[in-house]
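Okay, so chain A shows up in both of these, paired with chain B first and chain C after.
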Partner chain A sequence: MSVASVPRGRRTGPGRTAPARRGHRNWAGWLFILPGFAFYAIFVLKPLVAAVQYSFYDWDGVTVGRWIGIRNYVRVLTDPQLISSIGHAFFLMIFFTVLPTLGGLLMAALLRELPSRRFGDVARTMLFLPQIIPGAAAAIAWVWMFSTGGTVNQVLSAVGLGSITRAWLGDFTWGLTAVGIIGAWINLGFCTVLLMSGIGKIDASIYEAARIDGAGFVQTLRSVTLPGLKQEIGVCVTMTMISALASFDVVFMSTQGGPGYATMVPGMMVYQLGFTQSKVGLASALALVLTVLILVVILPLQRAFRAEEDE
Partner chain B sequence: MRTSKKERISGIVLLLAAMIFSILPLISMLSAALQPEGTVPVGISWPAHPAWHNFVDAWRVAQITPLLWSSILLVLGVVPIVALMATMGGYALGQLRVPGATIVFVLLVLGLTLPKEATIVPLYYQVRGFGLLNTRLGLILVLVGTFMPFAVYWMRAHFLSVPKVLNEAASIDGAGSWRTFVHIQAPLAAPAVSSMCLLLFLWTWNTFLQAIVLIDDPNKRTMAGALQNFVGFHSTDVVLLNAGSLLIMAPTVIVFLIFQRQFIKAMIAGAVKG
Partner chain C sequence: MQHPSSGRRFGRRAVIIGAALATVAISGCGAPGASTGEASTAAPSSVSTDASTMSAQLVLYDGAGLKTVDDGLIAAFNKLYPNIKITTRFDPDNVQATNAPRVLASDNPPDIARINALSDSVQANVLTPLTPWQKAYGWDKSIPGGQMSQYTVDSSGVRGTGTQYSLASGFTVTGVYYNKQLMAKLGISDAPTTVEQLEADMAKAKAGGVQPIMAGNQTGQIVTSLQFMLNDQLGSDAIDGWIYHKPGASIDTPKSVAAAQIISDWAKKGYFPSDTNGTDATTALGRFVKGEGLFYLSGNWDAKSLQTAMGSNVGFSLPPQDSAGKTYAMSDPMTNFGIPAKSKNKDAAAAFLNFLLTPQARQIAVDNGFAPSGSGDVPSVTAGSLNAGVQKAFASLIESDGQVQYLQNATSGITAVVNAQIQLLVAGKTSPADMMKALQSDYEQELAK
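Moving on, here comes the complex of A and B:
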């Protein structure tokens, strides 16, 4: 993803090196590159090119396809269901990106303050656990949590909110938020741990200076921790945004996009169009729009967060 | 920093809340899994007589033995191939002056941002065309290709950090690229390779979309992919469903608890690099 670092591998520019070295161009190096690249070309690039091709056809996967120009793309950008699935992905960012990043920042800052290393280790392990289990399994855990007789409703009843209990994932209004909470659960530990490692790199003497100046927790967080974590926050935001835009496992195992299209996301839609509705062309067009969308969101972010780090 | 007692206590309360939030769903599953079979559990309640035997039944019903075997086969197929080829590729991109390598590198970087949904539909038809649908081999080949950009990128970053003089010294001694690679560079890369293998293991094991699309028989899938089938059949039996799901997620959790430090380090490095 770090497109900014492309030229780094070529420290010896071809024009400036001595002729003797230039003669040492290593064609044999291709033998090292080719095996891995061949796999990548066959199983990633080839289907990607095929997706571009499919996207201009009306094809059911069985009979002969019909060239229809950009009609699939027009449909992706005008069909209310498809557009709303993209909208949902952006809504999910509140839970997949904003909450885990802010929460992770708070947790990492709190863990730094902790006198007990042991407690910190336990906290880190527990927070990171959701990141390790498969997304599909996380969904199953939360389907049970959010069910009518599940723990969420049990807790709500216990604190006197019994009137609002419901089957959360099956609710037209709250379904998408419930899916979002699953995402927040998965991503919180990732952000916490990543930001913790970033805090570890901040010079301890700066914290010491802040302490001598009498800065409180919030003040230190604002003036020492936040500025020092620019790159890590960038990575958190980037990775979690991709996880929101390209979400599939969690949605597939928790709601399948339902009820109706209330929790439909692009990834789920691609699967349904491609494999259950046999609209291969439309599925490919949506998949490519999703890919471009991710690039459009990510590249400026990369630039913004990397720019200053390169000095 | 000066923290008042009040601040410190509220900090610890917040941390504890986050910790509970993180493991509550797993505890909730465990509590349901231990209820007497055939009952309909409600919320979290520790049963008077925890039915540990449910796990034995779930092991059989969820067919954990063949699933474990299947996932291990997939990992053994994917991880060594990716590790070897990515180390070679990363070496060439990071150490050798290969003409035209920039194009290869740019194409690989493109692969880093590509969502798995982008290629899954054509991939299905392609794998079908190869006659590899419903085979582990098909899934292995697909995953090798999918993980390659990250793996090469990771290894390239390692080889960029190795001083070039090492190669030059070896070539003065008359060693060719291949001998230098096998005897000098590859052994030095071992730590980078091993933490990459941890990530590759986790990703292979947790593969979902490609597993459910390319393989119909749940017993040939990854553990994660098999969940789809298991839930489909047992969605009404909450006790069994939770016991089985816990068993299915247990291997990654156990491996994580053992290699915790390495895992967290690798995942952070992977995120920062990727």
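Moving on, here comes the complex of A and C:
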């Protein structure tokens, strides 16, 4: 791509000249992206285009569909159940994004302070473990822990809070929070490791200088670590926000959207509509609205983090 | 390093290319699903019933949970007709219903296939009408009416009447499992046969510190209790009519609301576990086995594990009868087998369906804890076993013609709705009237095509 976009007749660096045959584009470069692009086109672009098409139809996935214009979109934007599921996804951001990012930052800063290198490695590995476990498997383990006789209630009873024990995932008030905690657990490791590698890039002499100037942990965090981590925090926030808005595996394996509709999220709704209720058109419309929603949330964030970098 | 302006230019170009691509793609092909080749769904005019002269390779498609039964049936069939070879294809039970429409519509479908949504499949033209074989094998005479109605669909998609499209390998049956030790401890001599008796027993249990009903409502298990009450309030015709999409059928009636009210009252009295919405069916079964719960409302699919785990401490009886003394219970095909329209071995497939009605096949179904297909002598079971109780209950259910379809079979999407609604109901977050209204409105939305 960069070969093709080099402005004509301009030297791009010492000792290099622009392509000799200036009148022709250099198509060889495109050849290299062809295999990758073919896969991308078949497995990403084509389904995306198909989803756009389906979203204008009333289609059960098997028989001939019926063109119904924007009625699927009207339903998505007016059905209170679908709207509340989008609200749940935003609530989940507290657990999928805010807690892991803040927690990850704290963990990373603390781990940097650790004097023992071996202990640091062990801690880092343990923190990252949740990330390599598939979300579905993690959800199953958490289902056991959140069950009536599970670890969570055992701990609560042990500390004298036996009166508040319950089947957490089946509780109308606490179900969504319980699902969120599973997500926070999964995302925390990702954020910690990402932020730690970011800290590793910050010049050690700056920390040294801060230490000599007598800065404490909090002040070092605020004045050295945070400014140096803007880019990594941006990635953390972006990735975890997408995981909150597009959450499916954790919800599917733990609550299926229940009790009632208390933990219903758009991803779960798309699955139910598309695959169990055979409303492929409506499911496609909801999926596309979700995609647009994610872009609307993420793009300004991207811009914000980039703008700060430029300062 | 990319030149900033060229990057933006490239971005713009990508957008244009993308938009063009999309336009071409959308305008290029017609409505989705239109390309599916239309299969011939007309029944052949002449059929063969002499299985010993057929030579065919069949594929049987079912849910993985039924592998043992299906393998047994196929082995017995092969002993009779070694010339017909049957291979199997199983989908995991939790995704089988999701996959089925695409399996049936594919260009190379199985020859004998589990049909989940009979009406939908018939309307999608993916099934073969069985009329000629029905006549040739005399199924219309040998199959009891209550079973036949589960195989038929008319031209407008209403089930329970019209052309036969399927045949069952056996039947499920629902009822009440009871813990005999707990009953004795509470001074209850017999399993309840009326709602009043059931409620009296539950009150006794509650007072005695025993959980009256064990149920895992995270997976919607209290729907079973609800439908027992609905069956008694509405009768089988009204329930089946609703499930079979009879025009004008409604579940939003005062009687249905009364049935839901009973469940709501039970929940308020603590007859269901307080954590039922956070407990799944498997966990609930395990807790019932451990003695937590006087009653467990479920079906014969749990009989084998309950027999193994509880031995003679567990019994099975049909659901409580209605005020007129009639007993209803949900009972539907273990697998409703149909022949996909694109199958190339329809005669051989029909021969296998006919085999399902023979004493050998009926015995295999019973040995696996299911109720037998067709009619005839009750196959043998170990006397005094839980299975014997289940078979006896099924036989008396057939005798009283009390088979009712499961609510969950009404539409493909109703399970999700009814599960969510029953969770709301037992938590007191919706009223019986609102629940029935919600079920009806979702049902109508799904049927409006």
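FYI, the second predicted complex is superposed on the first by the 280 of 311 C-alpha atoms of A that agree within 3 Å, B and C clash if a C-alpha of one lies under 4 Å from a C-alpha of the other, contacts with A are read in each partner's own complex, and residues count from 1 in each chain.
Here, a residue touches a chain if its C-beta (ideal position, glycine included) is under 8 Å from a C-beta of that chain, and two chains touch if they have at least 3 such contacts.
Everything numeric here is computed off the predicted structure, so don't read it as measured data.
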| item | value |
| --- | --- |
| Superposition-derived comparison: chain B or chain C, residues of chain A touched | B |
| Partner chain(s) touched by A:Gly61 [first = chain B, second = chain C, both, neither] | both |
| Contacts of A:Gly170 with chain B and chain C, given as first, second, both or neither | second |
| Which of chain B and chain C A:Phe305 touches, first, second, both or neither | neither |
| First, second, both or neither for A:Ala141, with chain B first and chain C second | first |
| Touched partner set for A:Phe96, first chain B, second chain C, both or neither | neither |
| Touched partner set for A:Val193, first chain B, second chain C, both or neither | first |
| First, second, both or neither for A:Gly260, with chain B first and chain C second | second |
| Common interface positions of chain A, toward chain B and toward chain C | 1-2, 6, 45-46, 50, 54, 61, 275, 280 |
| Of chain C, residues touching chain A in the complex | 1-3, 6-7, 9-10, 18, 21-22, 25-26, 29, 31-34, 36, 97-98, 101-102, 104-105, 120, 123-126, 217-218, 274-279, 283, 411-413, 415-416, 419-421, 423-424, 427, 429-430, 446, 449 |
| Contact footprint of chain B on chain A as seen in their complex | 1-3, 6, 8-10, 12, 24-30, 32-33, 35-37, 39-48, 50-51, 54, 61, 103, 106-107, 110-111, 113-114, 122-138, 140-142, 144-145, 149-151, 153-155, 185, 188-190, 192-194, 197, 207, 210-211, 214-217, 220, 231-232, 235, 239, 242, 245-246, 248-249, 252-253, 266-267, 270-271, 274-275, 280, 283-284, 287-288, 290-291, 294-295, 298 |
| Touching residues (chain side chain A, partner chain C) in the complex | 1-2, 5-7, 45-46, 49-50, 52-54, 57-67, 146-148, 166-172, 255-261, 272-273, 275-280 |
| In the complex, chain B residues that touch chain A | 1-4, 7-8, 11-12, 14-15, 18-19, 21-26, 28-29, 32, 40-44, 81-82, 85-86, 88-89, 91-94, 96-102, 104-109, 111-126, 141-142, 144-146, 148-149, 151-152, 156, 160, 176-178, 181, 202, 205-206, 208-209, 213, 223-225, 227-228, 231, 238, 241-242, 245, 248-249, 252-253, 256-257, 260, 263-264, 267-268, 271-274 |
